[in-house]
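Take a look at the structures listed below.
One chain, chain A, appears in both complexes that follow, with chain B as partner in the first and chain C in the second.
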Partner chain A sequence: MFNPLFKRIGQRIGHYAGIYKEFVSNCFAAAMTYRFHFVMLIIMDLLFYLSILASVDFLFAHVNKIGSWGRTEFMFFMAFMIAIEHLHMTFVSENFWEFSYDIRTGRLDFILLKPVGALFVIFFRSMRPGTLINGFFPWYYLIHFGSQLHLGPLQWLALPFLVLLGLTLLTSIEILLSMSMFWIVESMGINFLRMQLQQVSRWPDFVYQYFAQKFFSFIVPVLLVGSAPVKFLLDSSQWPGLVWVAVVLLICWSGIGFFWRKGLASYESASS
Partner chain B sequence: MNATLSHLIAEYQKWTATIKIAWSKQLAYKLNFILLVIGPVLVFFFIRYNLWSAIYKIEGITTLQGYNFEQMLAYQVWVMIVGFLGLGYNGMNLAEDIRLGRISAYLIYPFGFWQFHACGFLAFESIQFLVSALTLGAVAAMHWVQLSPLPLIQGLVFCFCVALFWFQINFMIGILAFWLEETWVLRVMMVTLTQFFSGALIPLELFPDWLRQILNFLPFPYLTWVPVKVFMGQYTGDLTQAFGLILLWAGLAFACSSLLWQRGLKAYTAAGM
Partner chain C sequence: MQDAIFCQNLAKYFRHYHKEPGITGSIKSFFVRNYESKAAIRDFDLQIAQGEIIGLLGPNGAGKTTLMKMFTGIIVPSAGEIQILGHLPHQRENAFRRKIALVMGQKSQLWWDIPAMDSFLLLQKYYEIPDADFKKRLGTLCELMEVEKLLKVHVRKLSLGERMKMELMASLLHQPEVVFLDEPTIGLDLVAQKNIRDFVLAWQREFRTTVILTSHYMADVDALCQRIVLVLDGCKRFDGAIREFESMLGKQKFVSVDFETPIDNRENLWAELDPNWNNDGTHVELRIPEEALRQTAMAILRDYPVSALSMEKLPIERVMNELLTNPHLLAAPR
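Right, the complex of A and B next:
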């Protein structure tokens, strides 16, 4: 009974993997055409990562602790967030800028006509191959500060999965937020707000006072992106945070489905 | 005499009409505009305020490199105001306009391309001035900043010079599209470097001495740290020299962009014509 179901799921995953492979090869071809842009993207991201780490490092030259964390824990958290941002910038971020353009110009029509999930095409069609190289940066610091924190084998094993979990949560929240583009039309404001929320998530939750902490953990739960996984890595008794991440993911995906349908109903199809 | 006067009147009318159009363009998507304003305020209230509260209050620190909590809060408020007034995002679509040949239309208008963008800049500045005034009124009511007339006027004038610098830099980066496919990366790089080295993230007093020495030779401190200190009435350097330096950097950017514009026009292929 289960065999046909598994077979169907396997075929579907294979189908989407094939499509994604085409997206990736297209992006590589485009990236290789504009080599200056390719190199500049790498430098831009590295400068950004360095500025984040240097800010915290300079701060810890004057204070011993922030909350319950010292320099090592804080730098480990920052490296964890940079690892998520690196994957986000490489695989997802460009697509958010294109989505509103699709809505505004009616180009979304052509995506809707394709025999493949439209959300998949919209949010995963573009990537930045150049910035893949920058992956060494956060992982070097994760390993460096993780070793200083004496992480155990299980924690090291869990680390990449937790980075992916954080990325999934951040992307899901942002996709849900981007559904508002159906009604706002001009994307600059919503993309700007999305980036400000990324900034909020870049600091551990204990930095925030009561109201802000609750708001960004339960209403717009961006603080869970890094805080829940890192707290679990540093202290396994903090596992309830990961359960809350799973619940939030389910809520986000339901919300995306709901607002996607509502958005399509109000979509005016500018080109038609 | 009459000819000069009528020329001046015609110029004035062109500038005011273009500024009005720029206003309506910038305010056309109202929710979008509100979100652009809310962003920095959100960052200030939720990150800066909470972070520095955590450092000072939880750790029981009274002063950090000369800043007590109230002074650090005031510093961060002024960083937000300088950001509103100084950091524009004009010329963001310039690269696309050049690549797709859209600037061809501007080249035949009886109004220069730089002038057209300068009108957009002035319209943006006037809107940002109102946003800053409202924000400042709110934070002053909460006693987070103290407003004194002279530092306020000096700070506002300095911010306008910073805005001029950013306008020229953005324009210059935009017209690099005559040769480059994409230029937004250069703009983001410049903003990232400035955010860090200008003291917009953490005050320059917290930086290592060797780095501060190097920064003295670069424009970065004049883009945030100096205007913030002027607003706070705590700038101990020579203010005339500071004005001179920021205007010198803006002038250099203007000279470079003029040169690039002249060279770029020769390389322009007017796609789609």
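Right, the complex of A and C next:
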């Protein structure tokens, strides 16, 4: 009974992996066409990461602690967030801008015609191959500050999974927000809101005042993206934060499913 | 045999609002919008058998593309029933989406910054086409379209005609049972239009594909379609054989006459024949009822210095123009 089910799941994963391989291949082909743009993106992203770390380093030139964290914990957190940011910029970010364009121009029509999950195509078809090269940057600093914090073997093992968990949460919240594009159509505002939320999530939750901390942990829970996993890495008794992340993920995915169906029902497509 | 397309009492309403001109109108419409609901399609019935090629005709804004989008499941109908090959399109089942294709002359499904071949490989993955089948189909399509050398050229570098050939290929790689062609020849030169028509015809004959075509070029319709459905203001106003459509204005012939010297076109004879003169009065196109054809042609040959005279059936373009200008000639919308 289970064998056919596993076989079907395996086939489905193989199908989507094949499609994703072609996405990557096409994005590489497209990115290599514009060589200067390709190099510029790499440099811009590196400068962005450096500016984040430099700003925190600058703060700690003037204070010894922020909340209960010293420089090493704080820099580890920033490196963790840059690792998420790097994966987000490389694999997901472009798609949110394209989704808005797809709806405005009716290009979504062709995606809806393909016999695969349209959400998968919409949010994972474009990537920035150039920025993939920058992956060494956050991981160098994660390892550097992680070593200074004397992380144990289990913590090192959990680290990549927790980065992926943070990325999944951030992306899920953003996809849920993006569902509003079906009704708003011109969605520059939503995309800027997404970027502001990313900005909020780049700092640990304790730097925010009570109301803001609760709002961004429970209503629009972007503070969970980095704070929950890093707090757990530094102190395993902080595991309830991860449970809350799992609950939020379930809520997000239910919301995405609901609003996706509603959005498609009201989609009018652009006239030809 | 199951219908390829069946729809009954189909309707689609769209909402829009009017904005007064100028900055005051913009500010006003930011706060208050009086929405109106307009029927893009209403009470639309249609049955199309498998393997048919039909032309969906009508002026801009008649509702043709809206129909196509409902048939393909892109938009959801406001009312009524549709079945395409037994599927409900708006449920968007994968099995349904593997059986259909849509080509839009004004939109592209190919990735702009890479060669078409890379997009084709992606489509192979979408539709899970085995390698051997993919190579064979691509070979056939390339041969019919004569585009082998263009497969590795970036799509943005292709001419409009070449790109449209690639769009058609992209839509047919998975060998759909029903193909929707929404103005596939728009903007193309005459040679490119003919190439596309010849290709569609050859493909349809080979695979007995059901084809639904919209086009403003009557040459496309004349060359491809056995049956025409005319849509005006969202309603079906004609559904029948193309020959029946051509004779809607009565059995008439289109007569073209060249004269050796300019003719006085104010004479009574011409007024009854819906004449279309050139500037210097040496050429005229006439519409003559079949029963009066012999007598009228003889009179013209006898009384005027005719250098050439040709007769043909009334062009579908002319019938279409006449009916769009005088929609009361059509049956009332149901």
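Here, the second predicted complex is superposed on the first by the 270 of 272 C-alpha atoms of A that agree within 3 Å, B and C clash if a C-alpha of one lies under 4 Å from a C-alpha of the other, contacts with A are read in each partner's own complex, and residues count from 1 in each chain.
In this section, contacts are C-beta pairs under 8 Å (C-beta built on N, C-alpha and C of every residue); 3 or more make two chains touch, one makes a residue touch a chain.
Every value quoted in this text rests on a predicted model; they were computed, and no experiment measured them.
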{"item": "Superposition on chain A - do chain B and chain C clash or fit", "value": "fit"}
{"item": "First (chain B), second (chain C), both or neither touched by A:26", "value": "second"}
{"item": "Inter-centroid angle chain B-chain A-chain C after superposition on A [Cα, multiple of 10°]", "value": "80"}
{"item": "Touching partner for A:199 - first (chain B), second (chain C), both, neither", "value": "first"}
{"item": "Partner chain in contact with A:51 - chain B first, chain C second, else both or neither", "value": "first"}
{"item": "First (chain B), second (chain C), both or neither touched by A:216", "value": "first"}
{"item": "Which superposed partner A:40 touches (first chain B, second chain C, both, neither)", "value": "first"}
{"item": "Which superposed partner A:5 touches (first chain B, second chain C, both, neither)", "value": "neither"}
{"item": "A:188 touches, of chain B and chain C: first, second, both or neither?", "value": "first"}
{"item": "Touching partner for A:208 - first (chain B), second (chain C), both, neither", "value": "first"}
{"item": "Greater residue coverage of chain A in the superposed arrangement, chain B or chain C", "value": "B"}
{"item": "Chain B and chain C, minimum CA distance [Å, superposed model]", "value": "6"}
{"item": "Chain B and chain C contact sites that coincide on chain A, given as residue numbers", "value": "33-34"}
{"item": "Chain A to chain B touching residues, read off their complex", "value": "33-34, 36-37, 40-41, 43-44, 47-48, 51, 54-55, 58-59, 61-67, 184-190, 192-193, 195-196, 199-200, 203, 206-209, 212, 216"}
{"item": "Chain B to chain A touching residues, read off their complex", "value": "28-29, 31-36, 38-40, 42-43, 45-47, 50-51, 53-55, 58-59, 61, 64-65, 180-182, 185-186, 188-189, 192-193, 195-196, 201-202, 206-208"}
{"item": "Touching residues on chain C, where the partner in the complex is chain A", "value": "14, 65, 69, 72-76, 92, 94-95, 97-98, 100-102, 104-107, 109, 111, 113-115, 118-119, 121-122, 125-128, 154, 182-183"}
{"item": "Complex interface listing, chain A residues touching chain C", "value": "15, 18-19, 21-23, 25-26, 29-30, 33-34, 105-107, 109-110, 112-116, 264-265, 267-269, 271-272"}
